[in-house]
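One chain, chain A, appears in both complexes that follow, with chain B as partner in the first and chain C in the second.
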Partner chain A sequence: MEQVLGDRKSVAILVGPALIVYSLVMLVPVFWSLGYTLFEGNAVTGFRYVGFANFADLIGDSKVHDALWFTIRYALVITVGQVLLGYGLALLYVFVLRRYSSLVRTLVFFPIVLPTVAVALLFQQLFAVAPQNGVVNSLINVFGADSIDWFGDGGTAFIVIAIMDIWRSMGFYGVLLYAGLVEIPEDVLESARIDGSGGWRMLRHIVLPLSLPVLVSAIIFSINGTLKVFDSILALTNGGPGTSTSPLTIYMFQTSFTYGEYGYGSSVALLLTIICLMVTVVIFRASRRDLTKG
Partner chain B sequence: MTSTDLSTSQAPSGLATRPASRRQTRTRRLRRWRRLPGHLLVALLLVVVTYPLVWLLLGSFKTQTEFLEESVFSLPSQFNFDNYVEAWTTGNFSQYVLNSIIAVGPSLFLMMLLGTAAGFALEVLVWKGRAGVLLLFLAGIMVPMQMILLPLFTIYFQTGLTGTLWPLVITYTATGLPLTVFLMATYFRAVPREVFEASTLDGAGLVRAFFQIGLPMMRNAIFTVGLVQFFFFWNDLLIALTFTNSGELRTLQVGLLNFSGQFGTTQYGPLFAAICLNVFGMLVLYLVLNKQVQKGLTAGAVKG
Partner chain C sequence: MRSSSMTRSGAVAAALGLGLVTTAACGGGGDDGDGAGASDLSMLIHVENNEIPGTLTTLSENQCATENEAAPLSVETVPQTNLDQQLQLLAGQGGLPTLYAAGNAPDLTKTLADSGHVLDFQEALTELDVIEHIEPAAISTIEGLYGGFNVLPFEYNIEGIWYNEALFDQHGVDVPQTWDELVAAAQTFADAGITPFSASGDQGWPITRLIGNYLFRSLGPDALQRVADGEASLTDPEYVEAAQAVADLGAAGFFGQGVGSIDMDTSTNEFLNGNAAMYYMGSWALSDFNDDERNDIGVENIGFMPFPDVQGGAGDRTQLAANVGLPVTMNAQAYGDATGAWLACITENYGSAALDEYNRVSGFAVNDPVDDVPQLTQEVQEQVSSTDQTVLWFEALFSTEATNTSQRNAAPLVTGSISAEEFMSMVQADLD
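Presenting the complex of A and B:
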């Protein structure tokens, strides 16, 4: 029977085109980009071999340190925020709204399908201070406090970025985690209720352990996505004021295309790739160990 | 927050000493009070999610003076579509929408065809090295786009494709493949092999079996995956920003990013209208297809 489904010509016709396109446009450029890390210059001016000078620069570059630190801070805050709120929403859907959760789920999910640029421009207006106070500053004024120049300082700009991205994605994580929670058998919950464990204890000892696998995958997806953040921050703050909200992706984009340093840009991209790979492997390993224990 | 709701909705009431009828009304009232935090939470949630969008819609009808002189909470004094016309014509929005369609349409079709065929070959067919090839595709999901941007820019520059929308079509097609191959392979796993074996015994080749049986069978899956990829392509900023070097090539997202630059000073009405066009276009799509969108996007969550 295996021979029937093993015709080599058919395999070549079916998988060949995809493999060729994928190899030429993604795999080859990855290695090409690795090669760039040893050069300086760009496609227009030409290249010059510099050995490992780009990596030496990378280690000593305070802008890279800042961008790296921002990327990590962003990934941590957003991951905690969106997974925690998403989990809260999932619990709300399963235990409070129950059969009536469909409409709320659908509504809260919606912002994730919106273009990040549109959402960012909307949040610029919501948090505006000039020429007119936006919604947020107007509300702050109602409570008697002064308007805040949200985008005038890296710290407050970070708060707006965090609020925006969590607003956008919490409904998505709510649905993702909801799918894991509804799979907990009703009789397990019922017997726990009969045993008299309600609220916190049930959450801690039954719901949380049973939904741990889906929670871990949500965390992996979230970190993997947030480390690569680009659109939303570029459109909201453009990495500013100064470079105070620039993650590695924006720093890479600017060194490459604003300053035309392809070699250095590729080195920054490589750093980002390595971090993404490392984080995924570490979390994956850690979660597997924990799951076999528990 | 939610944990307290959990306990309140489940804790038994302890009012055993009262007369029966009064006790009943009392517990009913108590139950209503206990549900209140949950209801308030849901109400707050809905306001937080929907109010910004309602505010956006209202803003799209305001004039520049209304923006500059009245409170942000004021309602527009008229409902006409001047701002939309302004965004569509002076703001060049018609051009941007056209560019987005030209870039996304063909790449979506090509990517889904190649990806589904590859998923079929990798999951249903039996051949040496297929595990390795699947792994190769999977690796593509992990790699940040930044890692391939510069070589692609060089290639497109040297082949003279810069200045057209081809770089977008090619890049979208390739970058969409890993996720599509992975998801389609997963969906094909659920189909019994015998279905395809039987068709080949009838004398039909495997390629024909794919087009006549595999493809129609996967209609729903293809639609769901295609929908997810549509959102990724349509909302993309990084690739579009890198490869569109002139104003006429801008996609919807790049155009929106540079929108304020189309006018001398920020024209708030047209800006709000432009954001609205982008947002409510998606809303219409979402209202019709929300089940598939939710299913598809959560399945595609591996992409992060």
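Presenting the complex of A and C:
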């Protein structure tokens, strides 16, 4: 085996085909898109080299600022929501429901299996105000309050988006974190109990530190996914009302494909990539601290 | 050793990628054909329009059967919201079909024309000797919008306010002649618990149309041309006044609850089931009005009023808003003998076929008289023929980006989330 892997020719034969496919479907578009950031125009009008003008525009564009601010708010709220609730669910599965958790796990996991558009349509109907009230507004009416036009204001629309996306994904994070929690050796927990640790102290000093690697993975997973949110918002509000719920991805999509500015759209994409990279690095560094010594 | 091989392979892949980047700028602007024209009449159209494919199919089976044998008709559809993206991608790859819906904003059609993807119909139809079958008013509207005879007038629409005559009689409201009378009428209906205006805030344009019309009435038919030419700004007080007037309608609750969530179909239904008294729309809505299954109030109960005057304004209500809908054009590279024959046949026969089958008023001459045209459709036709001067719509001369900003922010404007000044500033920012 050592001999085979030491031979350049066999390495080329083994790795080459996969590398070519990977390059074609991943690296080429990535670098191609990177190249676009230096140009303006589109496939119809042709391209013109503009140097770093797209980046200069990016800095002063108030729409990018708004979209970036929305993206960050969304990523923070949804990540906290889905990881916290997911962790809560995982604790529930491991320490409360134990062997009987499979039914609950399946039920809570179920929404992630549903198509995003179907879930968005469902929530549109649940929170509808016109032409007739949805379930939520009907309930509000029962308590004597007036119906709310949930999608008529950026603030309330954000609440609906948050509820929908957290509901959709918390089951997934529940299962992900459950996998980490069940790995904690029973004898460690047992000895902690014998030493008189229970409840919050057990969670703080034993469970949390031992499940930290999977928790960090979940946070990185979640924050990168939420920074790149696209389909659920597109289907639920299409970024509206106005542009009050437009994340960077929707702005990028519109810039590139509706306004025909491929270069500027690619610059927005690059900004998003850099943010994802920075956030990941920051979380990795922060998670190196050993919690058991805290 | 292993890792150095891998690094080298990675470097090769990276160099390959970077090499391609440098050629990225040279991509695009492909050749759509070899000049001999296409051998089929392939068509890409937004899925919301079933009339044009329907009428063309009828023609392909009757008057244009011979042309259809030489170049068979085939139709592909795409949702209207994805149309612009699809067109740009196809044009970039040289894959545009023979006939295609020309984009949501005239700006895109102009771009496609500049890059040689749009047939010059003035030249082609003159050469085919069929140009006399197009209504001159339609050609002038198209030239005003697109800077040339670049699209076919499969539709020729006028726009205005359709109203429920029974509700007007019942509440003793006369047809408003001025904006103030319109607001007073709306107040009467609102007081009676009837939604004064049915409008789709989801689409946005039925609301921004009101702003445009107000501007044409208050400042004259060239109000928006002056903005396009940079002589005026939407943030000027006289322009903001129009947005404020429409925002005030929203503040008074005249569009009903949840206007931002109301889609096109719902807004039509609200008017046709008698829940709303007035409905700003183009004459393309006639097919819905003439549909007995959909229209609960009865077509005989629907009246048409031009957008009212604004007191002391430079424009007046005889200047109807007119357009050619979301038009269809022909790919210049696909034009040849077979497709040219099709084009001539369409020009000669489309007017009668569309009027007969869909009660559609088009910009093609009606060469075979059609019987049984419904009353309201006849009135629209008369209104078209008695109109000397037409105006466009709010976003007609805007870029795609400004159009999008305007239409997306229409609902926030009437729900009070943004002010009239903010609305106009946002749109103007995209125009600058």
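Keep in mind that, in the parts below, the second predicted complex is superposed on the first by the 273 of 294 C-alpha atoms of A that agree within 3 Å, B and C clash if a C-alpha of one lies under 4 Å from a C-alpha of the other, contacts with A are read in each partner's own complex, and residues count from 1 in each chain.
To be clear about the criterion, contacts are C-beta pairs under 8 Å (C-beta built on N, C-alpha and C of every residue); 3 or more make two chains touch, one makes a residue touch a chain.
Quantities reported herein were computed from a predicted structural model and do not represent experimental measurements.
*Asks:* Report the partner of chain A that touches more of its residues: chain B or chain C.
*Replies:* Comparing chain B with chain C, the partner touching more chain A residues is B.
*Asks:* In the overlaid three-chain picture, which partner chain does A:A43 touch, first (chain B) or second (chain C), both, or neither?
*Replies:* both
*Asks:* After lining up the shared chain so the two structures overlap, which partner does A:V11 touch, if you call chain B first and chain C second: first, second, both or neither?
*Replies:* A:V11 contacts both chain B and chain C.
*Asks:* Who does A:T243 touch here: chain B (first), chain C (second), both, or neither?
*Replies:* Once the two structures are laid over each other on A, A:T243 reaches chain C alone.
*Asks:* For A:I59, is the partner it touches chain B (first), chain C (second), both, or none of the two (neither)?
*Replies:* A:I59: touches no partner chain.
*Asks:* Where does A:V28 make contact in the superposed view: on chain B (first), on chain C (second), on both, or on neither?
*Replies:* both
*Asks:* So in the superposed three-chain picture, is A:I194 touching just chain B, just chain C, both, or none of them (first/second/both/neither)?
*Replies:* neither
*Asks:* Taking the superposition as given, does A:F257 touch the first partner, chain B, the second, chain C, both, or neither?
*Replies:* Both partners.
*Asks:* For A:S147, decide between first (touching chain B), second (touching chain C), both and neither.
*Replies:* A:S147 sits against chain C, while chain B stays out of touch.
*Asks:* Which chain A residues come up in both lists, the one for chain B and the one for chain C?
*Replies:* Common interface on chain A, chain B vs chain C: 5-6, 8, 11, 15, 19, 22, 27-28, 30, 32, 36, 43-44, 131, 257.
*Asks:* For the complex, which residues does chain B have touching chain A?
*Replies:* 1-11, 38, 41-42, 45-46, 48-52, 55-56, 59, 67-68, 71-73, 114-115, 117-118, 120-122, 124-127, 133, 136-137, 140, 142-155, 157-158, 170-171, 173-175, 177-178, 181, 193, 196-197, 200-201, 205-207, 210, 231, 234-238, 241-242, 252-253, 256-257, 259, 268, 271-272, 275, 278-279, 282-283, 285-286, 290, 293-294, 297-298, 301-304
*Asks:* List the residues on chain C that touch chain A in their complex, please.
*Replies:* These residues of chain C touch chain A: 1-2, 5-6, 9-10, 13-14, 16-18, 20-22, 24-29, 84-85, 88-89, 91-93, 108, 111-112, 114-115, 117, 256-262, 266, 269-270, 399-401, 404-405, 408-409, 411-412, 415, 417-418, 429.
*Asks:* Tell me, which parts of chain A touch chain B in their complex?
*Replies:* Residue list for chain A touching chain B: 1-2, 4-8, 10-11, 13-15, 17-19, 21-22, 24-30, 32-33, 36, 43-44, 88-89, 91-92, 95-97, 104-118, 121-123, 125-126, 131-135, 138, 167, 171-172, 175-176, 179, 193, 198-200, 202-203, 217-218, 221-228, 230-231, 234-235, 249, 252-253, 256-257, 262, 265-266, 268-270, 272-273, 276-277, 280.
*Asks:* Taking the touch rule as given, give the residues of chain A at its contact with chain C in the complex, in rising order.
*Replies:* 5-6, 8, 11-12, 15-16, 19, 22-23, 27-28, 30-32, 34-36, 39, 41-49, 62, 124, 128-131, 147, 149, 151-154, 239-244, 254, 257-260
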